[in-house]
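Below you'll find a set of structures to go through.
Below, chain A partners chain B and then partners chain C, in two separate complexes.
Coming up: the complex of A and B.
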């Protein structure tokens, strides 16, 4: 009873069904079900977004200048990227140009997010899929010290005594019987391949990264006043610059700029001395575990981001690459047009929404979203106690977006594949460097490990771009320009009656765009298509499976009842479910109220 | 055996002297006098780590992200040394039924002695299935975990008030924790997100004094939520002098003048941002040039644009120092602020009269 999907996968549901719910160490809530055959190979995969908040209907009728604050609350992990996307969408609709300094400051803030998000994702959401803290207890601290010095000679914390202290701390923690976040892990599963010393080194860096990560976001506290959820502004940035005159202490002054500059240096040092060497070290023990590629070698999508100069969002001005690769043809990178109604469309036949005609997709400017929680006829369990999903029916709070009909993967790997295919110099050098260090062919990129490595390389790239924009900001101020906001169209009375716009960024998890319609100075329609909507998409009208589902196919699991391999591959996408599942369109009727017993 | 916080520090190679110093610093960061340091030291020396179940409903995870940004104490010290964070689906190693088993185990083993921390809130529409955990409504998990807990911490504005998903028209009918759990003490720590050091201070306070902090009528710790941003704002003298930012990036903005006319909600927002500030005291929204949007107040999303002046806003929220001021006082405060701004504007106009 195998089924062929149009995008090249063979689904077979005859084997044992395994359910993982909640799928932890992600942002938000999701469920995953797979079938495994007699050899423990995954033969079918089903991913379900299990939350929905309905933010866009909440936005309808509000002041477009406020939309950044609402959409920023779509996600507190990739905090700010929705806000930036939102102010860009409003500025596009109202034809507002921002000052050069505002562009530099926004880029520094966005790059901080990328660096922070990637680092925290790897150590605190993903590492425990590769690293076994219990095995770290068996490590020799002296050998660990040697491993540390060999992998990262410049990292100062490398003495045998240091690793012995950490090991003792860990030992007592384990012996206390209160295992906290490590409780019920899969610590005797043979899927863990690291030697004890590499485990100890990685656990040590788990702790170092946890203590360090907040530093990275201090740039955003300086420019945005707080983090998570700093402040943004349609027309520029809210922080004024005053480095020369009276009252400079009330604005971005030399002390503040020095602080940001110092944070950039510290971040770069940590990423280059800890994160990158760990990826290489851990990767070298797992380089034969090349499962999880899914559609990354076939169909990837990036919108691009980090405009070099202000107000130019064309691909040539974007330092992060844009484009689409389809059918695995790396020789051709297709341009992507977010305004073209035939390119990006969302489908709902397997999503808990309803369309007048569910065979057709809708472009976000014309998006409709009406929630419709119904389960397929073969569901096991009840409406409020699902034992097993029926993927032939509706089965997820995530819609199915498609680019010209293709299911696409987005994210760091997609950006790096697009960059590699389009000859992006810095990205190509980074990729070639890591392939050489691990002695693997370029096809190794299309894997769980490739996704994890691309994320680390991108964090490093972002560090250097932060420095670039810091230098640019200082140079521009030195040239006499301290401007940070354009207020020509701040007042709603200056706005046209009926306009629409689109804004986009590359969020840490992938391509993100917001589409807005403004009518009589109020939001008339607001739609977001977010990275995890792409990656976590359920099946579409034609039966194509999404990136998460595809990535799990044909993976061998050591023990079906312990989902280490499933976690490993799904985590490599850095899922963000609060982002993906909030989408709602024009139908803003208030739903029936329920009395709580 | 379970070890105490002091044991944990000692085996990390921390001397007793450093430990006592830590206690007095922590006491100070809680706004307590040095005489409290020995109490804190005694508590940390003798108690096993309190088990904590940290559940996530409809939310954006900004509260967890804020928590890990705490400068003092560091999140790693809280998680590894002060509490036993047995369930938190954002960072826990286990997944699926192995994760769910932990909730059941802690509820059974530590009946009445574990803390429940809630980030986000439960939706009631669609039979609760707008937020599904383990195939069932999040509301079921929340009720099960709440049944035998000692107390509940409602992290952030979602759990405390409802926040963004509960903004009009609240399509999922998301409700704050206290609307569905009525028989447990609830400590509300609002903010979107709350200040990182306020979050860790609330946890440290409870671990240290083994009691719930003193709460105001709305359930917020008085030590952090009893004064308005405006009361302690370093830009307050500019408000009093009638010096306002009139447009973004104008001369007043570059001099750090008051943001009242740009819509700042500091005068009606109860929080510690202007005193504790963010991430080790580095800055807060007003210091970085944007008005306060009032993110720790109930219903702050539905009070008109963030850029409208308070005087233009009808029925601004619920005035929150509820022990002293009733709900009707909001209008009075708003009017008083407006009148004051007008007076200062006139004063300033007179001063600048010759130039205009």
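Coming up: the complex of A and C.
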């Protein structure tokens, strides 16, 4: 029986059901169920966050100045972005203005995290959905060297001997039987389309990226003082600036600034000579595989980020674009107000939480996080071992946030669609460049590959903005301003009795905001709406499906028992379930168990 | 013998009760002992690939962690050498261990990586207590765990000097905002903060959805029609 969703999808559950649990190579735990018809087309998709989220409740009653540290420990990936969002929320509530240097440093750190996260995501969590490391063993190193030179003439590592060495190392690794990061693949699935040489080139870059990524981290270590968990501070940044200082512990001197500057140059080089060319090279073999767009061409949302000047979070001051596009109308970008109780609301009729009235959504300032684990009547299995989800009932630990009632996609592609629709010059140029290189129309953007390409373009954009803020920081210091923190309202006795605030960022995975209420100097309510809450949301009161579910619809799978296409599309969102839901996992199975019924 | 580069890592999530053991242990080691320059102590938290470069740069790796050995709660067990990654891969209690096994495999693939491994693991008493701290049995294992680590380091010629007085607790290696006393005293009450987790994955008893019991129950299945 087919159901029509208000956001334009036809769900048909009559075909066989495929269950993938857990989805591998993501942060956190997620389950996915789809129905496929006789032609192996996906006709219904159900995504379930299988862990419970509870950060809100453990922050209640705590010191608001500590909240960043807790949010930073939710998971191991976008630590800094939660911390930044949290300090912004507290500063908004307490009306604390930060110094210009703190704004530049925070931007450099946030951009560094974006670059780092995008690079690690592509090579280590996503590339293996397109690249087949086992087939790389069949490549001719000489032909690979020629391919490398044609793909990216400026990348120095391109000799046949270099590729032969990598191939031998890979061979030894595979033959030792321990495949390591390459285990659990579906390496003989026909969904892999690259020739052996492109596979070897990409696997080689996988290793280069692994090696390089630790460099990027160092920027955050220098400004944040601690590795691998940088420090943050309500009111600014915790590092002092002392340009004439030599080796002073912790203080930022010229030597350290020059070091950061050199990391920015190296990052730009790597992104432009390796990451972007790889995306174009891999994309050229997959450009007819245009599945996975979901709602990206219809409804996308960005809060914006990277304030040019300190303390102004209005759209014109944000270098990363903000706004909402709805109903596929790219001619209009709607302003987004995180304070307006009618704009962002979270719904729970299909989530394992309870509200007094579940037909209504709640704005995060009035949000309630009260778990209610009940299963729909058609669930197969037991409460502790579900065989098949009943999506007509509650079926996920993720809430369903909506913007003016619309299910929205967030993330690099959403930001790039908003940027493109609002005529953002740099973004439009980048998009046109890659469309031309691949010789595809703009509609190709609304796909799994479009999401993957947008992430790479954004990494490049972030490199250039890092340079901009680095120059700005140095100029400001040279002009005599070395202030990095405003501690006027550090002491709780200076705070009003009852205040609320909101902080937002564009996390690598998409729009992120924390809403806080502070009462008698303690946290009274804290709600996070994280990117994967938007993308991974279950259905809402009206039956709209979320971005993950929509992206799987009408995709053809080569083999129902091997979820290559499902993984490829879900991974393109870079899902992070650790903060959208809760942190415990079961027995650590890595190979996705796939059940076909 | 050249001076070996030694990395002592505490891994785990501070927010999940006994899951924080590794980080608390390395924090305590840092406060109590002075170590030579070739020994690096680190709060690894739940970081995955970000730790690869640190692991690769080490000849000797010591890991403090909460490990599900299937032993009595609070039991400590040491695992050495090649067994360490295998062990971490055999049965996992949390996400970061999947990540850490991969960190070791990746370090090897890239070349380099430690030749000597020691895992100092303690069987957790309680994990299902989000926002909670270490149980007493776990706290009691911190000093013995440190003694094992120092005993192991002695094989590599490392002499640790007990500090005349431990560093103050805000001199922590981990996070000043989350030092144990502050973390414990700032905790919201049970009435304010719901303390149970996901029934499906935590293998807890069904009544937990309405109650506040803490101990790990044997797996009970609530059959559905």
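Note that the second predicted complex is superposed on the first by the 570 of 597 C-alpha atoms of A that agree within 3 Å, B and C clash if a C-alpha of one lies under 4 Å from a C-alpha of the other, contacts with A are read in each partner's own complex, and residues count from 1 in each chain.
Keep in mind that, in the parts below, contacts are C-beta pairs under 8 Å (C-beta built on N, C-alpha and C of every residue); 3 or more make two chains touch, one makes a residue touch a chain.
What you see is a predicted model, and the numbers here were worked out from it, not measured in a lab.
When the two complexes are overlaid on chain A, chain B and chain C occupy overlapping space and clash.
Judged by the touch definition given at the top, the superposed model places A:231 against both chain B and chain C. By the document's definition of touching, both partners, chain B and chain C, reach A:73.
Put chain B and chain C next to each other and count what each touches on chain A; the higher total goes to B.
Once the two complexes are laid over each other on the shared chain, residue contacts for A:386 go to chain B and to chain C alike.
By the touch criterion defined above, A:376 reaches neither chain B nor chain C.
Once the two complexes are laid over each other on the shared chain, residue contacts for A:487 go to chain B alone; chain C is not touched.
In the superposition on chain A, A:251 contacts chain B only, with no contact to chain C. Looking at the shared chain after the overlay, A:65 reaches both chain B and chain C. Touching of chain A by both chain B and chain C, each in its own complex, is seen for residues 27-29, 50-52, 54, 57-58, 62-63, 65-66, 69-70, 73-77, 79, 120, 124, 169, 173, 178, 180-181, 207, 210-211, 213-214, 217, 226-229, 231, 371, 373, 381, 383-386, 397, 578, 584, 588, 590. Residues of chain C touching chain A in their complex: 13-16, 42-54, 91-99, 102, 105-106, 108-111, 127-128, 130-131, 174-178, 182, 186-189, 192-194, 196-203, 206, 209, 219-224.
Every residue of chain A that touches chain C in the complex is listed here, in rising order: 27-29, 50-52, 54, 57-63, 65-66, 68-70, 72-77, 79, 120, 124, 169, 173, 178, 180-181, 207, 210-211, 213-214, 217, 226-229, 231, 369-373, 375, 379, 381-386, 397, 578, 582-588, 590.
Residues 1-3, 7-8, 11-13, 48-49, 51, 56, 58-66, 68-71, 74-76, 79-80, 84-86, 88-96, 98-102, 123-138, 140, 163-165, 167-175, 179-180, 192-193, 196, 235, 247-249, 253-257, 273, 278-279, 282-290, 293, 295, 301, 305-307 of chain B are the ones that touch chain A when the two sit in their complex. Within the complex formed with chain B, the residues of chain A that make contact are 19-29, 31, 50-55, 57-58, 62-63, 65-66, 69-70, 73-77, 79, 120, 124-125, 128, 165, 168-169, 172-173, 176-186, 207, 210-211, 213-214, 217-218, 221-231, 233, 235-242, 245-251, 259, 371, 373, 381, 383-387, 397, 482-485, 487, 490, 562-563, 567, 578, 584, 588-594, 596.
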